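Several structures are given next for inspection.
Shared between the two complexes below is chain A, which pairs with chain B and chain C, respectively.
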Partner chain A sequence: MIETTVGARPPRLTLRRRRQVAGALFALPAVALVAGLIAVPIGQAIYYSFTQWNGLTSTWIGPSTWTQAFHNPNLWTALENNAWLLLAVPFALGLPLLIAMLLHQRVVGWRIFRSIYFLPTAISWVVLGLVAERFFAYQGTLNSLLHFIGLAHVNTNMLGYESTALSALGITFVFTMIGTNTMLFLTGLATLDTSLEEAARIDGAGRWRIFRHITLPHLSRFIQLAFVMTVIALFSALFSLIFVMTGGGPGYATTTMEFLIYQTGFAQGDFGTAALYGLILFVLTAIVGIVQLRLIGSDE
Partner chain B sequence: MSLDTPPVAADTPVDRRTRARRVGRGALFLVMVGVAVVMLYPFWVMIVDSLKSENQFLSGHGFSWASWRTLTSTIPIAQEVVSSTIICAVSILLILLVGLPAGFAFAKLKFRASGVIFLAIVSAMMVPLQAILMPEFVNITRLGLTGGYTGAVLVYAALGTPFSVFLFATYFRGVPDELIEAGIVDGLGYVGALWRLVVPVAIPAIATVTVLQFIQIWDDLLVGLLFIQNTSERPITVGLAVLAAGRTTSIPALMAGSLVSALPAMIVYLIFQRYLVKGLTMGIDR
Partner chain C sequence: MAEITFSGVTKVFAGNVTAVDNLDLHVADGEFMVLVGPSGCGKTTALRMLAGLEEISSGTLSIGGRVVNHVLPKDRDVAMVFQNYALYPHMTVAQNMGFALKIRGESKTEVERKVKEAAAILRLGDYLDRRPRALSGGQRQRVAMGRAIVRSPQAFLMDEPLSNLDAQLRVEMRVEIARIQRLLGVATVYVTHDQIEAMTMGDRVAVMRGGQLQQVAPPQVLYDRPANEFVAGFMGSPPMNLVRARTSPSQGRVGLAVGDQRLEVPGAYGASHDLPREEGAEVVLGVRPEDIVVVGSDAGGPTLKTRVERREALGAEILVHLSVADAGAASSVAYDEDVAVARPTMLVARMAPQARVDVGDVLMVRLSDERLHFFDGSRGVTLRRGGA
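Showing the complex of A and B:
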């Protein structure tokens, strides 16, 4: 940093020192807010995960709470559900990539199509969950469609059965992610140098080769970002969908980690175990988060 | 794309390749219409189902304004929209008030350990509320902040601050040092420099934060559900979700309510689309 001296009378504090003080004071409110409402609770969660805690009184139990938690089949069901839902991620990335490529062809009215495709992004997942419930319901759109294509005897009720409810949730999740991810990929495609593609085409490269060797590598950062955002949403944004669509059921069929935390804490009043589950979720997202930070960091 | 220009006159014999391209374009257009139908499906469901009375919905025949006419008595919609608006406005204001000076400080007024602190704040972006839900809930309840909007506003502000600080800091790095130095030497002071010199050039970044946070907070369920105790102060998404989970409210009424709740976010979204895109790709696309 370059020191600047002002005129003849030297200020009591040097300019550099004053700038540092001002900086610290300017940052203080944000630091306090994040420390008080995010950092401190992480510390508290660690403490409370070793206690029996109902929100009012807590008794220290020690590490046995952790062994107990890991013997709870509900935790494993929730983790398993989260793992199964990861299968939705390739679709939540692949479909938007395809849609972005279509939009990038700039056919007549592509701007209008773009706005339409992104529109569901603005809607609450509570509302999208309500709509999805209508779609999968016994008298819903899915069955009407099946009847329309001639499968008159097929009557699905995906949300009603343990075997299919998670798939219905996964499909809804893919739908809710399409807008955001398409937006990301389209932005990526817009920064692509078209002359490269032209040159490859003149050299006789086929569509697939151009996509594979020029478009895809160019999009890699955008795909990485979309991947991280999608996985984090999968771990921490399904709450609204689950709350209105299934309430975690039937049984525990659609109870993911985040919903298990809510249920354990607020339906069963077992705050200590819920705090512990929270830490597990924290670790899971932290792993993904580190990848994200490296993505952002490598650019600076 | 020069390759795709249509043939000069309609009468000239079109060669095979152009015809193939035209067919391809037509097929592409149809696929895009198909995708549009899928993406518009939620709106279609909301509109069609809301235009039925409960009986018409159950029987599957007929349309009426019944659900819209009785909407305000089925769902306290006006009051919920007011709650949502207040919560959004105050939270966003708070996020901007703490985020702007912090972003300015981390970009231009570096102090001891500011780099590490910045990194810590940015990392907080990755902490999902569910991970700290229990301690957060107990803290806010103990402080007696679940009575009004205060608890929810504080939680939203804390969750939104890391991203806004990151975005503002990134943005302010592009402001020349000389501009700020000159302002301070001219006697503006640091607050004056921030307010008069930095904020005016940061309008696009402010718009990005505002739009992203508006949609986020307006659409959220969890915070409103747990951190607002009085049902009379519930935001609209919470009202809808609770009624839906209760399974006693008629679907047409819920759909009408959903449409009302979706409208503000959709309008904001359509007007400020480009700021949203900018915010999403911040950090990798510059």
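Showing the complex of A and C:
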């Protein structure tokens, strides 16, 4: 039997209003976390960029840090290095894509190869940096290999020269990203409906056309995600590699924005300028992220 | 356009699993052949071998007189409609339909013309700029058809293309597919597990079980003259009643013992069927639900005493589930997918909705004099002389 509620008072809040309130309450912890961990530090960085701060005491000096910073050639060198390192991104995406395509064909021993390719991801970048440093050193593995294949006259010392140190860093970075990006692309390939490929085969497409017209469009979102992750890593996760491999040198040849922040803040004790560099790096990373979000958003 | 021939085609998967066993099947030019059978019977594997998506373990497969065992899918000139449609999600309807033509290197204007022609046949003209995700299930199905017909292939291959549609749309689309196939006159191999689709669409139907072909015939022949008890039980809804019985000759006339009841078998069956003459030989008696009628207690001929266990009203007809009285050790034969199982002796009768039968009624039913089926008790093959 159904009880009737004739004469009962209507609830104070409508269902829609109650849902809005509940939604806001549920979102509150996340908003507080974002504000506490992101917004506040950004605000602080902006404030400190107008001060002279040695880590203990800060003195308001106005916008002079900003004007001086942009006249600092080291800042432009670091930005230039960051820009040059962007050339590593196509390799950090292309090689994993190629490897993922091969692994997806289930070649003999693909499980072992998959583990091998993923291995760098499980190893600290400090260790990878040490290995890379030994690899590129004058008496390192690279020269031994060259010697072994009869190219001893091509002896290299990539980390010792300004012209080649950044390339060595870029190559190491590509190596460190192979595992993550390969896994990402393998995940994407695993979600590709095999009947699409079969339909394309029956439609007359060969391997290249299937890759070009079926596989690549399907992977586009995974490639976009990998691109964002790779660029962010390039801008903000190279510190350990640089620290171990080159210390930012020779000269400033491998000093990126991230490493410049460290040098300015912790080596020179100029935290105000370091905060400003941090803001510049944040803006650069944010621009890449926003552009990518726009690209992804345009399709949905 | 071309004919298709499977000659002793076998497919053995890793682990020595035989999916298709020595398949011999000929599809004439322009014919609509339906492959039907329960899950795992090998029908889809046979189709995929025809498409070139599976290697052939042994035997010969030819399309238009050309052996295609080692020919790549793209070079077989066949078009396939997949169960999930397999539409390219990032392409528009027009691009989906024109993809094969574009790959073939046809000019843009020619591709557009052919796509528009196919779209007109399929009533897709208003949707050519849409992506598949913006289409309903029926529209997607039609695009998949369009992608196939736009190529003017030698053969259409269809792998359960209606199974993802709701019941009403399925009825509409099966009419539509049959219409288009007749219009284009292209040899078509259509795979389904739905015997109603098989009955309504095919010029001929090939029934498969456990990788082996059971019977190939026009739908009505399959229904009226099944080659074995599996085909008899698979085709028709509800399926043919199959009852295990023992021969019981009396005074030169053939009879059957169904439990403690004796069923008179009309003498004509002695001439048309190889019914065992000895006492107690096991046979399977088959009778369609529409061939069972309620009669008075003193009716002669093949009659059985039954009790109404269930009554299902379907609107235009009722299905009456009858248990056979004094059935004793007798049992019914039923198929769970493709495995024969014994069930309590039950008959399902199709009756007019006006029939006054209620659960618990004891009825004397008469089985049609002329439409009885007999199968070998051990091998399940028909006892009709000359086979099916």
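FYI, the second predicted complex is superposed on the first by the 252 of 300 C-alpha atoms of A that agree within 3 Å, B and C clash if a C-alpha of one lies under 4 Å from a C-alpha of the other, contacts with A are read in each partner's own complex, and residues count from 1 in each chain.
Here is the rule we go by: contacts are C-beta pairs under 8 Å (C-beta built on N, C-alpha and C of every residue); 3 or more make two chains touch, one makes a residue touch a chain.
Since the structure is predicted, the reported quantities are computational estimates derived from the model, not experimental observations.
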{"item": "Chain B versus chain C as contact partner of A:128, first or second or both or neither", "value": "first"}
{"item": "Partner chain(s) touched by A:174 [first = chain B, second = chain C, both, neither]", "value": "neither"}
{"item": "Chain C versus chain B, contacts on chain A by residue", "value": "B"}
{"item": "Which of chain B and chain C A:206 touches, first, second, both or neither", "value": "second"}
{"item": "Touched partner set for A:159, first chain B, second chain C, both or neither", "value": "neither"}
{"item": "First, second, both or neither for A:214, with chain B first and chain C second", "value": "second"}
{"item": "Contacts of A:116 with chain B and chain C, given as first, second, both or neither", "value": "first"}
{"item": "Parts of chain A lying in touch with chain C, wherever the complex brings them together", "value": "193, 195-196, 198-206, 209, 213-214, 217-218, 220"}
{"item": "Residues of chain C defined as touching chain A within the complex", "value": "51-53, 72-74, 76, 78-80, 82-84, 86, 88-90, 99-100, 103-104, 147, 151"}
{"item": "Of all residues in chain B, those that touch chain A in their complex", "value": "1, 25, 28-29, 31-32, 35-36, 38-43, 45-46, 49, 60, 97-99, 101-102, 104-106, 108-112, 114, 117, 120-139, 141, 154-155, 157-159, 161-162, 165, 181, 184-185, 190, 194, 215, 218-222, 225-226, 237, 240-241, 244-245, 251, 254-255, 258, 261-262, 265-266, 268-270, 273, 276-277, 280-281, 283-286"}
{"item": "Partner chain B, residues of chain A touching it in the complex", "value": "1, 4, 6, 15, 19-27, 29-31, 33-34, 36-42, 44-45, 48, 53, 55, 99, 102-103, 105-110, 113, 115-131, 133-135, 139, 141, 175, 178-180, 183-184, 187-188, 191, 194, 221-222, 225, 232, 235-236, 239-240, 243-244, 247, 257-258, 261-262, 265-266, 271, 274-275, 278-279, 281-282, 285-286, 288-289, 292-293, 295-296, 299"}
